[in-house]
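Read through the structure below, which is laid out as C-alpha cells, and then see the notes.
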Amino acid sequence: MSKGLKVVTIGGGSSYTPELVEGFIKRYTSLPVRELWLVDIPEGEEKLKIVGNLAKRMVKKAGVPMEIHLTLNRKEALKEADFVTTQIRVGQLPARILDESIPLKYGLLGQETNGVGGFFKGLRTIPVLLDICQEMTELCPDAWLINFTNPAGMVTEALLRYAKHKKVIGLCNVPFSMTQNLAKLLHVEAHRIHIDFAGLNHMVFGLRAYLDGKDISQELLKQIARENSSIHIKNIPEFNWEPQFIQALGVIPCPYHRYYYKTKEMLADQLQQFQKEGKTRAHHVYEVEKELFALYQDPNLQEKPKQLEQRGGAYYSDAACNLIDAIYNDKKNIQTVNVENRGSIANLPYHSAVEVNCLITKDGPKPIAMGELPTSVIGLVQQIKSFEVITSEAAISGDYNQALLALTINPLVSSDETAKKVLDEMLEAHRAYLPQFF
Amino acid sequence: MSKGLKVVTIGGGSSYTPELVEGFIKRYTSLPVRELWLVDIPEGEEKLKIVGNLAKRMVKKAGVPMEIHLTLNRKEALKEADFVTTQIRVGQLPARILDESIPLKYGLLGQETNGVGGFFKGLRTIPVLLDICQEMTELCPDAWLINFTNPAGMVTEALLRYAKHKKVIGLCNVPFSMTQNLAKLLHVEAHRIHIDFAGLNHMVFGLRAYLDGKDISQELLKQIARENSSIHIKNIPEFNWEPQFIQALGVIPCPYHRYYYKTKEMLADQLQQFQKEGKTRAHHVYEVEKELFALYQDPNLQEKPKQLEQRGGAYYSDAACNLIDAIYNDKKNIQTVNVENRGSIANLPYHSAVEVNCLITKDGPKPIAMGELPTSVIGLVQQIKSFEVITSEAAISGDYNQALLALTINPLVSSDETAKKVLDEMLEAHRAYLPQFF
Amino acid sequence: MSKGLKVVTIGGGSSYTPELVEGFIKRYTSLPVRELWLVDIPEGEEKLKIVGNLAKRMVKKAGVPMEIHLTLNRKEALKEADFVTTQIRVGQLPARILDESIPLKYGLLGQETNGVGGFFKGLRTIPVLLDICQEMTELCPDAWLINFTNPAGMVTEALLRYAKHKKVIGLCNVPFSMTQNLAKLLHVEAHRIHIDFAGLNHMVFGLRAYLDGKDISQELLKQIARENSSIHIKNIPEFNWEPQFIQALGVIPCPYHRYYYKTKEMLADQLQQFQKEGKTRAHHVYEVEKELFALYQDPNLQEKPKQLEQRGGAYYSDAACNLIDAIYNDKKNIQTVNVENRGSIANLPYHSAVEVNCLITKDGPKPIAMGELPTSVIGLVQQIKSFEVITSEAAISGDYNQALLALTINPLVSSDETAKKVLDEMLEAHRAYLPQFF
Amino acid sequence: MSKGLKVVTIGGGSSYTPELVEGFIKRYTSLPVRELWLVDIPEGEEKLKIVGNLAKRMVKKAGVPMEIHLTLNRKEALKEADFVTTQIRVGQLPARILDESIPLKYGLLGQETNGVGGFFKGLRTIPVLLDICQEMTELCPDAWLINFTNPAGMVTEALLRYAKHKKVIGLCNVPFSMTQNLAKLLHVEAHRIHIDFAGLNHMVFGLRAYLDGKDISQELLKQIARENSSIHIKNIPEFNWEPQFIQALGVIPCPYHRYYYKTKEMLADQLQQFQKEGKTRAHHVYEVEKELFALYQDPNLQEKPKQLEQRGGAYYSDAACNLIDAIYNDKKNIQTVNVENRGSIANLPYHSAVEVNCLITKDGPKPIAMGELPTSVIGLVQQIKSFEVITSEAAISGDYNQALLALTINPLVSSDETAKKVLDEMLEAHRAYLPQFF
C-alpha cells in the first residue's frame, strides 16, 4: 500500500458507481484511494465509459489525486489490489426481467433475490464470483473481497464453502436502511439508535433495539404494532404487520420478511400489478437506469446526481466505503455484514454465512455473539439457510436434481411439481449464463 | 404389579378399543393385563357401554382372566395404574369437522393434524392431557403414559415441557405403516426391512433403509423414483413424488410430507373434493364410525371386526400393545416413538420431543443416535418444531398473540393476515373447548 | 441518576480504595460520581475510617463535588445505587493465610485463587455475594454489580446461576496486565496491541494478537519461545515456558496457567519457599497492607500513594472505573470481563460464565464471538469450569459430598483421599465463615 | 462370503489367540469361519508357529471345518477378508517394559495405556494400524477392522480421522468386566445387569445401572460407598473409593479412573513396588507369557489352557467373537465399543471416537444416545480426548512440538519441563519404532 490504496470495482459500469466514487472522495484524507479500477465486461463497455468519465470529472472537481482506470481486463485490474468490490449482474437487466416474470406464470413470486428469482440469480452469479476469488488468490491474496452482488447471503455462503480466498465479506444496505427507518418512526436522529442485527441476508432480524444505549425493544415493538406500521424499503410493497403478530414475534423483521409472513398477500399484489401494468419491477429499474445514464453523459455533471438516491440500492456504495474505511483504519466500529457464523448465532451452524453485527477491524469483521435466535424465527431462518447451501452446491455442480431439491424446499415454492416446471423453463431461458447445467 | 397389570385407557369409548383389547388378549401370556379400565366422559357414555360390552364378550370368548372396567370417573381408574393410554378427541368428531372445513374458506388446508386443523386440535387437547398427567403424578406416579391422541408430537412436546410426570411416550402408526409399504414395494416380508427413522411426528424421515441388515438406501430411493411411486397411508391422497426430487432429497419422506413438498397440489385437490362432495374427511370418518358402532352393538360379535382395519388409524392399538409389552418385559427391541431428543438427532434442540427409533426397555425408550438430519430437511423440521413449541405455550397460556404467532409461522399458513382471520373464526367456533382463551 | 451517579463500594475499607477514588476523580467530567458510599463490616470499621478519610482529603484536594459516605449499613448504602463494586475478603487476611498454608501440609499447592485455596475462598465468598445480589434486587434493581472479589470467575458463575439480579459483571486485571507485558516484550506502546482474550478467569488465553490491527500471533509466539520468555504478573513465580511447548500450544497462556502446565515445578518452589521462610504470600501481603494503612493515616496525604502500585492487584480499581465509564457513556469499546457465554466461546456451555472480550455498552457487556477454543486447551478449561460449577453448588447447599467431589476433580488435587483430608481440616479451620456446612 | 467367512488376525502369534480360536469354534454353527488367517511379523514367527499349531489341534479336536493359515505376508492374508482383528504390540514386550519403567525416573506413572506409556504405545501403534487400513481399502474394502490393540481409544480416534477405510471398531474388555464385577457385588447373575456405558476407552463411566431392567443406579452407588468397595480388574491396584466422593460423582467410574482420581496414591504405590521388586507389570507379563508358550508347545494340548484366564486381557477375544457374531448375524444386541460419537454423547465433539453402548447390526455399531456426560466428569473426559487427538496428529506427523504439547496436557504429566525430559529419553529409547520423528 506504499503508494496508497488500490481499489478494484468489478461491474464498474454500474449506475451505482458514482456513489462509490463520491464516497471515496469524501473520505480521501483518512482513506487515500490512489487508484480506482473500474472493470466491466465487453457487453458493459459503453456504460463503463459513461460512468468512468463521470468518475474522472468528479475526481477532478474534488481535487483529490485519485486515478480512475477503466478496463475490460479483470486480471490486470486485480493485480496487487487492496480491496475488490463486486456489483455485477450476470445477464444484466434482461435476465432480471426473466427472473421476475417467468415465476408469475406458475403462480410463484417473481422477485430478484427471493424465491425462484433469487435462486436463478444465485446460479448465474456464484460461478463468476468463484472465478474472481480464484484470480484474487493468485493476483492479490491479501485483498478483501467486498461483495454487494445479490443474492449476497447465498454468494457469501458459496464463497465460504468453495473459495480458497477467505477474505470475503457480503454487504447489504438493509440493516442500514432499517435503522434509518426506525429512527424516523421514533422521531430521533439515526445515530442515537442501535440495533442488534442477526439472521441471514434479506432475512435479518433486529433482536434488540437501543436508544442512546437504553434497551427500548419492547416499546419499539409496541409502537410498530400501535401505529400499525412496518419498516419499509424502496422496492417492497408497504403492507403493514398485524399488531398482535409483531408483538408476539418479539423481534423486528426486515422488509423482505413480508414474503414469508405475508406470502399470499405479496403474491396476489404482484400478480395484480403485473396483470395491470404488464411489467415487473425489473422493467421499472430498466427505465430508471436509462434516465440515469442519460444524466451521467452530461459533460457538465461533476458530482453524483440526486436522482441516484431514488434507486433501490441507495447507500450500498456508501456502506462499502464505510466498511473499507473501518478495515483500513482498524476502526473497531460496528457494522452489519455477511460473514462466517463462528458461534455468533448460537443455534445456526458454525460455518454458515450469516448477517450479523460485527466489530470491523484491520483483520476483518469479528462477529458479536448474539446468542440464540428465538424459537419463533429459527425454523424459517434454518430453512432459508438450507436452501442457500443446496443452491450453492447446485450452482457449482450443475446438478439438476440438487437444483430441483433447492427450489422445492424454498418456502415460496413448496411443490416439487411446480418447481420442476419453472426450473425447466428458466434453465432454458437463462441457458447462456448457466453452462454448468448443459 | 403383584396382582397383574392395571391398564387404563382414557377415551375408552373409541372405535379403536377392540383392537387394543384384541392386542392384550393375544399377548396375555407374556403381558398379563388383569384389569383394563375404559374411561370416558359423560358425552361418550353410550359409546363406552357399546365398546365395553364388546370388550367383555371378547375377553370371555378368549378365556383370559382380564377384568374390563367401565367408568366415567377418571381418578378412580388411574389409581395405581401401571400403564395409561390416551386416545381422546376433545370436542369429538364435530370439532374435527370444523378443523377440516373452516380453513378451506380461507384458502388454507383443512386437515386434522397439520396446519390450522392440527393447531386447533392441539389447543383443545394439550390442557386435557396435562390434567391427566397431573392426576397421574398423584395417583400412579410410576405409570407410563402412552399417548396416541393427535397431534401426538405437539402433545409430547407440551407434556415434556410442562408436566411433572416424566414417563410420557407419544405413539404414531406412521413409521410402522411406512415399513409395511416399503416392504411391499420391495416384494419382501416386512420383518426383513429395517428403517432408521428420525424427525418429528407426521414429519418423520427414513434416513437409511436396510434389507436383512444390508444398507439399501440408495437402491430404494432409486426404486421409488423409478416406479414413480410414493409411500401411502390410508387418509392421504396418493400423489407421487417427482423422481429427481426424491433422489436428491436422499431420505425417505413420510406420507404427510406431501403437505409441505406438494402444498399447492394437496390444497387444490382438497378444495376440489370439498366443492364436489361438500364433505371433509371428518364427515367420512363420521360415517365409518357409525357403521362400526352398529356392528359393535351386535351381541353375537365376540371379536374385533375386520372392518376396523379399513379405518385410518389401524395398527395404532397394536403399536400400543407392542410398546407396553416391550417395556414390561424389558425386551430391548426397536420401536419408533416420540420422546425427548437428548442428542439422538444432533441438530435439533436437546430437550425437544422427536420421533425417533428407540430401544424399548423397562426403564422406557432410549433413543438411538441418528446423527444430524441432512441439510435438505433440517430447516423444515425445525420450523415445525418451532410451531409446536409456540402452540404448546399458547395452549397453556391462552395467549392470543402467541396463538397468532404460531399459526403465522406454520408453513401451510404463512400469512399474519389470513392467520388472524381464521384464528378469530375458529376460536369462536371451538369456544366451548378453549376456555383458556376467554 | 438525576442528581449524578451513586456508586457503592462494598469492602470499602480495602487498601485498594484510594485507586478507585483517584479513578473517579480523574474521570469526573464524563463520569459524574456525586455519591461514593464505602461500606464495610464491623471488623473492618477502623480501616474503613482510615481509607474513608483519605478519600475525603483526595476529593477535597481535587475540588470535585463527590460526596464520600462511610457506613456499616449495607442496605442503606445500596438504596438507589447506580453501580455497586465489591472487593471483599470474607475472613480477611487470616483466612487467606489458612488458604495458603494448610494445603501445603498435604503436598498441595497453597494459593489464593487456584486449587484448594481458591476453592475455600469461593465457599466463603459466594453466599455473601448472593446476599448482596438479593438486596440489590430489592433496593437498586437497575444497578450493575461489578465484582472484583476473587475467585471472580467462580463467583460470576454462582451469581449467574443462583441470583435473580442479572446485571452482574466479574472483573479481573489479568488480561489488562498481559497486554501491558506483551507490549513491553514487543517494545511498543500498549495501546497499539490488541489481544483476543477468551477462557475463564485466571485461565484466560490470548487466542490471537494484533499490532496496529495486524495479526502477529505466530510471530509473537515465536518471540516468546525465542526469548525463552513468559508473561509475568506480580504474584506468580517467573518460570519460563518450554519454547517448543508454547509454539505448539498456539495460543498465549496467562500467568496462572503455570499452575497447570508446570504443576510440579510450581509446587516444589512453593514448598521450598515456605520451608525457608515459614511464610506464604498472604503473610507478605499482610505486611504490605500494614504499611499502606500507616501511610493512609497521614493527614497530609491527599492522593493515592505510589506504594499502592507495588501491591498485586494494581489496576483492578482502574479497570473498574473504565468499565463503569464505558457503561455509563455507552462507549462501545472492548474490555475483557466475566459474563454469560452465550455462544461467544462456541465449545463451552451456553450459560457458563466466561472471561472474554466484550463490547461495553449502556446495556452491559456484549461478548464478541471468539469461535472455538483450540483442542489443546478446551479440556483443561472445561475441567476448571466443571470445578467452578460444582463448587458453586456446594457453596450454596453446604453439601459435604459435593464439596469433596469439587475438590477431587480439581486438577491440582486429583485425589479423593487427599481431598478428604484437606477438606476436613479446612472446613474446621474456616468454620466461622462456612455456616452452610455445619 | 460364499465359501464361509474369512477372518484375519494380525498379531496372530499373540498368547490370546487360543481364546479367539475357542470363540470361533464355539460359535461355528451360527458364525461359520472357514478360514482363519493368523498373521505376524518375522520377529514373531516362532510364537506364530507355536500358537498356530495349537490352533490347528483345537480345530481338529472340535471337528469343525475351519482352516488355519499361518503367514508373515499380511497382504496375502487380507485379500477378500470379511473381518480383520488386530492384537499387535509394536516393539513387543521389551517396548512395554520401557513404557512402564522410564517414566518412573521422572516421578511419572509408568503404565501401558495411560500417561507417558500410553502416549508412546500410541505413537508406535497408530502408523502401523493406518498401514493396515490402507491395505484393507485395497484388498478387502468391505471388511470390518476390529482393533483390540491398545490404546484402543486413541487408535480409533486416529483411524476415524486419518484412514479412508471407515469400517473400524475399537474394542475393550473393561465394560464387560465391570458388568461382571458389579453383578458379583450385587450377588446376581451378570445377564440380569445392564449398564449404560459412555465415555472414552479406559475412561468409560457407567451412567446408569439396571437390574432386570429396573434403574438401580442410586442404590448401587450407595452400596459401592457402603461396602467401601471399588470395581476391580486384574491389572490395577485395588484402592477403594472414598464413599462420599463416589456418591457425589453420581456415575460409576471404571478401574482406570483411579489414575485420575487417586493420582498420588497410585503413583506412590507404583514407585514403591518398583523400588521393592525392581520390576514393572510388563516384567510380570513377560513371565506369564513365557509360561503360556511353554504350555502351548505341548503337542497334547488341544484346547485353550485355563491359565490363559489369569492373564489381564481375558475376555478380549471372546468380546471380539461376540462382536463379529452380532455383525454377521445382524443381532441388534447391545455391546460397548469405540466408534464415532455422532451425538450419542451430546457434550463431546460429534466426530470424536467414544466408547459407548451400541446396537450391533450388520451395518455396524449404531451408538445409543446417552445424553450429556455429567458436569463432574465432562472436563476430564474432554481433556483426555484432547490428549488423544493431539497424540494422533503427532503420531502421523512426527512433529516434536505436537508430541510435547500432547504429553504436557496429559493430566498425569502436567509439566512442560518434565514432559520434555521424558519425551527426549523415550523418543531415543523407542527410536527404532518411531521413524516419523527422526
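In order of appearance the chains are A, B, C and D, and numbering begins at 1 in each one.
In this section, a residue touches a chain if its C-beta (ideal position, glycine included) is under 8 Å from a C-beta of that chain, and two chains touch if they have at least 3 such contacts.
All values derive from a computational prediction rather than experimental measurement.
Visitor: Could you tell me the least number of steps, going only between chains that touch, from chain A to chain D?
Guide: Minimum number of steps from chain A to chain D: 2.
Visitor: Among all the other chains, which ones are in touch with both chain B and chain C?
Guide: Looking at chain C and chain B together, the chains touching each of them are A, D.
Visitor: Measuring centre to centre, with centres taken as mean CA positions, what chain is farthest from chain D?
Guide: Here the answer is chain A, farthest from chain D.
Visitor: What whole-number Å value describes the gap between the mean CA coordinates of chain C and chain D?
Guide: So the centroids are 44 Å from each other.
Visitor: What positions in chain B touch 2 or more of the other chains?
Guide: In chain B, nothing touches at least two other chains.
Visitor: Identify every two-chain combination in which the chains touch.
Guide: A-B, A-C, B-D, C-D
Visitor: Show which residues of chain A lie in contact with chain C when the two form their complex.
Guide: 194, 196, 208, 210, 212-215, 330, 332-334, 341-346, 350, 359, 361-363, 366-372
Visitor: For a test of understanding, state which residues of chain D touch chain C in their complex under the given definition.
Guide: The touching residues are 107, 241-242, 244-245, 247-249, 260-265, 347, 349, 375-380, 382-387, 389-390, 399-402, 404-405, 408-409, 411, 414-420.
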